[in-house]
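Below, subunit A partners subunit B and then partners subunit C, in two separate complexes.
Right after this comes the complex of A and B.
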């Protein structure tokens, strides 16, 4: 009984991804599965669309910049929170992690209204600021965990040998955080690259991302090119998962000490 | 006499360093994030344009509570979210047991298959369901063959929303239950079995009490995430089957009912934050259960 449910869960979890890949390869006009014949024509159609190419470029730029900034800011914040623990840092930590519990739709409406009030338009800066708010909590949580599990003896040894705080940060702490930083950077990239719930409130006609384009296309345009665009998002995130698995190990990345303790 | 000021200044500089490291992120959060949340609050009590009275109003909240359509949407949201929790429990608990207890070589594959969707494009996967459920698909044809009627399939039904949400949120349940089992010793089950307990009573009396906090916090997380989700409801449910999150989205961006949307958003915020706090609290209790179990084993 339990075995059957486990197999069912595996099929259920992987099904939609597999289906959309197969459906994107159809030679016909219909979105429906099974595909009618096999072809790559809908990939040609979607890449020939200048709006899609613009959106893809925006998504890639936005996710790259968000990833670099979110991880840098989170690394500084994590060091402060773990190494200089005080009432003030604990309060700030709670604020920085709180978007994990606050619905992103509410954060999105707030930022939309705030930008509207100050007359800010959708561009790389305004979207990046929004994406930082929802991605920093994930990066910060990961980096706090990685930092808290680190042996402080090495830092003490470095300090007693006369290393300056700056040298300790760059030559002792950050190198040890390398895997945590990498894992955080990949997850932030994927979160940003794929976000709809917040981004839908921040884009404007003429400046949009791939997921938002898909969200809008689902209502208006019903051609399999939409599946081809979905597969591009899926491929990016599968690549991220494979990278994390190869570099860190997927189970170590999810559970601090492995699922079996 | 020279030591004291040195200590004080080093303490001061430590404090200054710590706050300096946090300054850019804190500034960003105080302005964009908290500033935005305050804007939602203001929107929700703002007097609608054209109404001639200054100051704040609770009219939008009265509007939300007095509206029959909103009542129906809230009921539908509760129903679909509870069904999603049930679906996640049915599939999630066996998977969590499997990846924490089994020594099978399939374990890694099961873990990867069920938990990687945490990171795999949510919107990309929704189009998989659209292909599978929509008109002309195997499921639509099958349903028509079985029950007759129009060949529209499962797309734009509540069942589609529940399937989509369960698929989206299953990993959260698995993670929560699996981490509550992380310190569960299979030896305890073996001990109970050797003392004559049946496998069923081991499951119910030994294992369930230990993983119950994980189940509860998983259920709370899945429930709150499904009440706030709007992408799944929008694409798989369509109009007429909107859930609370989608209704807020429509109020703000489509209907231009800013006040009502903001009031609904504030209410959702309060409920979800309370549920999440409860989930974290049961997570804390989970550690206490673990400690107790460890102590019991020690004696």
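Right after this comes the complex of A and C.
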């Protein structure tokens, strides 16, 4: 009985992806399932589209910069929150985590209003700021967990050996957080790369991301090229998951119960 | 407790480490209630106390990881109170070793030298020396998680000693080792500390460890130092009931004073119809309730003859590594440790216990003093 349920759950979770992949490989002129013959022609079509290439470049740049910034800022915040507990750091933690309690769509509307007020246009900066708001809570929570599991006495030992606070940060704390930082960076990359609910309010014609572009394409005419673009999104997410699994191990990434080090 | 306790050390010599009235409150509870302590250069001082006695807090204050509320800490005349940990030049080994998990054994030991910008050739040479001294040479490239507990302990010691600190603090260094290894590492640590000549404080809750390793031992309880002395002084001249009870797992029973002899500073006490002798630290008036402490190996038992009415009978025998222990029952129950070649007395045999008066210690029972730490 349990087995059947597990099989059903796996099928349910993977079927949409499988259908999209198969449909994207069709040789026919229109969307059809099962596909009419196999070819990569719709991938050629989508990559030939300069708008798509722009959107892909924007998405990749945005996700990379968001990931680097969110993880660096979260790491510093996590260290002060865990190592220097006070009312001030508790307030900072609550503020940084608070976007978790607000739906992305609401955050999006708010930011749209704010940017409109200041007359800001959609560009890498405005998109990155928006993505930082929604990704920092995830990165921060992961890094706080990874730090909380670290033995404080290791830092005391370093200090007793003459390490300055700066040396302790760079030679002791950050190296021990390496896996947590990597995991947070990959998660933030995926979150940023996939986001629609917030991003839809921040883009404008001529400056958009892949998921938003797909959204627009699907409204007009459903062609297999959408599926080809979706597969590219899918592959990017899988790559992240596989990296996390290879580098950290997925169980540890989710539950943080593995041995430290 | 504001007077300086410095038994054993030459009084005219300026102490290397001086703690004066060190006090610390945590969450409203006094963890240290005015600790004054002198440690002389080259000393190996044991800091012995039950858990919650403030040992670790004291260590953290000396190391600079905890701020003190009152008092001062000086090393070689220099006040450490405002000095951050990384400028104190104090080597520490932690109970759980706290090795750097991301560094090899070599880099763990070299960490302190790197902070001091020691040039690579000298660093290699000095780490090499430490590896050799502690028998770790083959493990230089390994990471801490692949080492046994004993090996990790040695790496922790090597890491702290590599920078030649002016003071070593060892926090329960043997607590995480199994019993067989503990014996060996205990003497290894003693030899290494002796050969380097570094002034050291060794924190433990285990009196055997403290006595085996240290020249002098300070007994800490409830944030106060109860007594400082050589192991022999703690065993044969306990300063108070706590020390007497804590050291050597003695027989303990209540009695009342029958007679005080000022010349020998001893009392005769009575408990039901059993009378005995014990030495005291202060005059006591007849009738005072006392607690008497006498360690099992000081209790001699003899077969009762017809003249003396027997008040005790052998209840049971227990075999120990160090000999046998008899449980005898009378007005009180006593344990008496006998060498294995001593006469065997069958269960139920009528016996009379006795001991040399100076080997038993009596302290007046006072209303419990306000304990410094409630935890």
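Methods note: the second predicted complex is superposed on the first by the 257 of 261 C-alpha atoms of A that agree within 3 Å, B and C clash if a C-alpha of one lies under 4 Å from a C-alpha of the other, contacts with A are read in each partner's own complex, and residues count from 1 in each chain.
Note that a residue touches a chain if its C-beta (ideal position, glycine included) is under 8 Å from a C-beta of that chain, and two chains touch if they have at least 3 such contacts.
The structure presented is a predicted model; accordingly, all values stated were derived computationally and were not measured.
Visitor: Just subunit B (first), just subunit C (second), both, or neither: which does A:38 touch?
Guide: Neither partner.
Visitor: For A:57, using the defined touch cut-off, is the partner it touches subunit B, subunit C, both, or neither? Pick first, second, both or neither.
Guide: A:57: touches no partner chain.
Visitor: In this superposition, which partner touches a larger number of subunit A residues, subunit B or subunit C?
Guide: Looking at subunit A, the partner in contact with more of its residues is B.
Visitor: Is A:88 touching anything from subunit B or subunit C once the two structures are fitted on A? First, second, both or neither.
Guide: first
Visitor: Scan A:96 for contacts with subunit B and subunit C and give back first, second, both or neither.
Guide: After superposing on A, A:96 lies in contact with subunit B but is clear of subunit C.
Visitor: Could you say whether A:148 touches subunit B, subunit C, both of them, or neither, answering first, second, both or neither?
Guide: After superposition on chain A, A:148 lies in contact with neither partner.
Visitor: State whether A:48 touches subunit B only (first), subunit C only (second), both chains, or neither.
Guide: neither
Visitor: Where does A:125 make contact in the superposed view: on subunit B (first), on subunit C (second), on both, or on neither?
Guide: Touch status of A:125: no partner.
Visitor: Which of the two partners, first being subunit B and second being subunit C, lies in contact with A:237: first, second, both, or neither?
Guide: first
Visitor: Which parts of subunit A are touched by subunit B and by subunit C alike?
Guide: 165, 259-261
Visitor: Which of the residues in subunit A end up touching subunit C in this complex?
Guide: That would be residues 151, 153-154, 156-165, 167, 171-172, 175-176, 178, 259-261 of subunit A.
Visitor: What residues on subunit A touch subunit B, complex-wise?
Guide: My answer: residues 2, 5-6, 8-10, 12-20, 23, 30-34, 73-74, 76-77, 79-81, 83-84, 86, 88-89, 92, 95-96, 99-107, 109-114, 117, 129-130, 132-133, 136, 165, 187, 190, 193-194, 196-197, 200-201, 211, 214-215, 218, 226-227, 230-231, 233-234, 236-238, 240-241, 244-245, 250-251, 254-255, 257, 259-261.
Visitor: In their complex, what parts of subunit C are in touch with subunit A?
Guide: Those residues of subunit C that touch subunit A are 63-65, 84-92, 94, 96, 98-102, 111-112, 115-116, 143-145, 156, 159-160, 163, 165.
Visitor: What part of subunit B is in contact with subunit A in the complex they form?
Guide: Where subunit B meets subunit A, its residues are 14-15, 17-19, 21-22, 24-26, 28-29, 32-40, 43, 90-92, 94-95, 97-101, 108-132, 134-138, 140, 166-167, 170-171, 175, 178-179, 182-183, 228-231, 234-235, 245, 248-249, 252-253, 261-262, 265-266, 268-269, 272-273, 276-277.
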